[in-house]
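You will see two complexes here that share subunit A, one where it goes with subunit B and one where it goes with subunit C.
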Partner chain A sequence: MDQEQLSAGLSARFPGKILGVDTFPGTNGRVRFDATVASDLFRSLRDDFHFTHLTMVGATDWIDHREVFYVLWSDADRRYLILSTDLPAESPVIASAVPIWPSANAHEREAWDLVGVKFEGHPDLRRIFMPEGYAYHPLLRSFKIHEPEDLEVKVRSD
Partner chain B sequence: MSGQAPETSKPLPRTTPDSTPAGDLPLAVVGQPGVPFVEIETLRAREFIPAAKEALSSLLKEQAQGKLIRPVFNWAGRNSLFPLHWGLACCAIEFAAAFGARWDAERFGVVPRSSPRQCDLLIVNGTVTWKVAHKLIALYEQMPEPKWAIAMGNCATGGGPFRTAYSVVPGVDKLIPVDVYIAGCPPRPENMLDGILRLEQLIKERGE
Partner chain C sequence: MTEMWVNMGPQHPMTHGLWNLRVRIEGEIIKDVEPEMGYLHRGIEKISEDRHYNEIITLMDRTCYVAGLSWEHLFIVAAEQALHVTPPERAEYIRVMSAELQRIASHLMWYSAFVQDLGLMTPFLYGMRDRDLILDLFQSYTGGRLTYEYMRVGGVRSDLPLGFTQRCRQVVDWLMDRFVEYDQLCLSSTIFHERCDGLGVLLEPEAVAYGVTGPMLRSAGSRRDLRKDRPYSVYDQVQFDVATATTADVTGRYLVRMEEMRQSVRIVRQCLDWLDDHPGPVMADHLPRWLGAPYAPMGNESYLLKRNYPTGVGLSMIEEPHGEAGAYVVNDGGEHPYRVKFRSPVLINIWAAKRYLPGYRVADIPPIMGSVDVCVGECDR
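So, the complex of A and B:
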């Protein structure tokens, strides 16, 4: 299945929810979609379009909105597909991909920990790099690096 | 030991090489006629035990009068430090190398153990992140007193190349008391041995 067939098939299944397709050489392109259909789109991509493997989930803070992207791999086509969606900065919430691709688990925890995107339906959305109880999402652009001298250290040992 | 061990009551035949001043302990003159190797060993062990007994009983006598045993414990403790075998980052490779055959830190009586409850020295050999900070404190608190800590490498000393990173503790002295800092990224095993010797000096000076 090439890129045209794929984007046509997706647009037919999710009318008005596929916001655009960008071309990337060597892949099936980047599909921008509306976050409200995330769960159904993931399921359809896995079951109908044979994207059986989720390679990675990432997130970016663009200040006025946050972008979440997914990289999928199809064994049938031997092609990658990139999904991307924009979330409002005030409430960055999207459905979790873990029920469809279990490999999303750690990636979504990372995106939550560092960029603060909330994945609804994730079985275990804890921080992954920062300690539990840390107050910030440090890859947000609003995060200020503190000078080590100003740091007030309070650590519980338990 | 051989079957023909000499009897205890008789003094053992001593063969003193010409160069040895009379009265000194005989050197291990292996192969000299009349002094097989085993008997030399027996002789030395036999002379050592009464001497040690005598020294110990005089120590205990003095201890009854006060204050001698503390320096002895200090001497014994500082010459046999037990660091925790806990590798954190790249510095742990140098830490491991120092205990290998080439640098052989065990020459100085330093033997790493795997449980904090058997250790009296915490060598923080790598980058400490906030995620692992409370584990570090827990390990330190599990070590029995008296205990010491060495910050090995720039990361443990002050955060190193990751000083302003959001995830890295800028110096473990924010978490635990540190006795000796070793600079370097990573410090060579020689530097680490130097740090351990300096810690021994420090323990001696403090008289803990």
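So, the complex of A and C:
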């Protein structure tokens, strides 16, 4: 399935919620979607478009918003597909992909721990690398590694 | 019988690194497990946001300290996509040869540690001895035995020294004979089969759902190998077979890794033949100075500046010795990457322990987790 077919198929299923499909080197393209349809889009991609593998989930802090990206693999096409969505910086919340792809579990915990994106419906959304109660999400741009006063470990009392 | 939670780790002979496996047991039977990671988290993704592209290569060696060149390869492929750089073909062949030698070294390290978990001490010594021969080869052209800092955006740091291909052929010939001995030591041992057969079974549909990759997935009969499915560098130019097994247990993973080492030797030999016949540059000649090029074209001073350098993104997925590793690089036009994200195969393979450990006994944990090939450095990053 090439990029045009995929783009047309997704747009027909989710009118107005697919914000764009652009090229991405070595993949089937990058699909930017509206976060409100996340669960349905994941299910449709797995069941109708045969993206059986979820390879990677990550998040980027763009200061005014946060981007969550998913890398999917289709055994039928032998190509990757990248999903990307923008979340508001003040409340970065998106539906969890764990019910559709169980492999999202550790990836989403990592994105919560390091970038502070909340995944609704995740069975066990705890920190994975940082200690529980750590006050920062270190991969946010506001976390500066060259300012020693910011390096002080602040742990909440709760 | 009452149930209880037992901590295996962070300091435990089973873990091979600093992590904790919490196990809920009822008598001798494992009911549930809960891996706890993070003891070795060094924030490599965060540090990378503050380094030049070529400085990150130093961090890649530390990410996985038994497969440094594989991780350098991973990052370089993504960075070159993001920076719109094409390396010369000779550099690609040297990278593939290095990655395959590194795969053999990493599998030998796994073999040594794994058989020691089973109580077989002699194969450990043989495995470590033969791994040292590959480290000697690495030392002869990178200068390092564990952390190499060899690959660069646009190529590799230096060409191979004189006589290298000859020495390398001798080493891989020697190794092919040793692989026969390894199999004799293990597969003819009753202890090995008593402790490995039928343990840690993870069938293909579950392995796919839980994101398990690499030798663990191929031991369940899957033929998924990124070197075949989505060839990067020059893997589409070399012939090799995908190693698979059907038993999906610890013995199957052993057989897959052993066959992979033989296939890696095949690839190394083809690369050496090509490198003998095709001398040439190992570094792209059109790099801007700020990317670490040794020189810039005369009379083209604006070439030196990073002003107005095009932005880009890069995604590379490669078949690392432990599984499928990934790198996602965002170049926003600055001299540092805006965001670097790595996919660790080991983190996901450990995570699936919830599926392949329950039901077995406590004494089965060392062989099962040994067969996963845990490297905590890349897992915690």
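Quick note on the criterion: the second predicted complex is superposed on the first by the 142 of 158 C-alpha atoms of A that agree within 3 Å, B and C clash if a C-alpha of one lies under 4 Å from a C-alpha of the other, contacts with A are read in each partner's own complex, and residues count from 1 in each chain.
Keep this in mind: contacts are C-beta pairs under 8 Å (C-beta built on N, C-alpha and C of every residue); 3 or more make two chains touch, one makes a residue touch a chain.
This is a predicted model, so every value here is computed, not measured.
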(message) For A:25, using the defined touch cut-off, is the partner it touches subunit B, subunit C, both, or neither? Pick first, second, both or neither.
(response) second
(request) State whether A:51 touches subunit B only (first), subunit C only (second), both chains, or neither. (result) neither
(request) Examine A:60 and indicate which partner it touches, taking first as subunit B and second as subunit C; both and neither are also allowed. (result) second
(request) Using the superposition on chain A described above, determine whether A:106 touches subunit B (first), subunit C (second), both, or neither. (result) second
(message) Under the stated touch criterion, which partner chain does A:69 make contact with: subunit B (first), subunit C (second), both, or neither?
(response) second
(message) Output check: A:134 vs subunit B and subunit C. Expected answer is one of first, second, both, neither. What do you get?
(response) first
(message) For A:143, using the defined touch cut-off, is the partner it touches subunit B, subunit C, both, or neither? Pick first, second, both or neither.
(response) both
(request) Determine, for the superposed model, which of the two partners subunit B and subunit C contacts more residues of subunit A. (result) C
(message) One more residue to check, A:80. First (subunit B), second (subunit C), both or neither?
(response) second
(request) Using the superposition described at the top, list the residues of subunit A that contact subunit B and also contact subunit C. (result) 129-131, 138, 143, 145-146
(message) Please output the residues of subunit A touching subunit B within their complex, sorted ascending.
(response) 129-131, 134, 136, 138, 143, 145-148, 151, 153, 155-158
(message) Show me the residue ranges of subunit A that touch subunit C in the complex, using the header's touch definition.
(response) 24-27, 52-56, 58, 60-61, 69, 71, 75, 78-80, 82, 101-103, 105-107, 110, 114, 127-131, 138-139, 143, 145-146
(message) Residue numbers of subunit B touching subunit A in their complex, please.
(response) 129-131, 133-134, 137-138, 141, 158-159, 163-164, 166-167, 169-171, 174-175
(request) Name, in rising order, each residue of subunit C that touches subunit A in their complex. (result) 37-38, 41, 43, 45-47, 50, 81, 208-212, 224, 229-230, 313-317, 324, 326, 328, 330, 338-339, 341, 343, 347-348, 351, 380-381
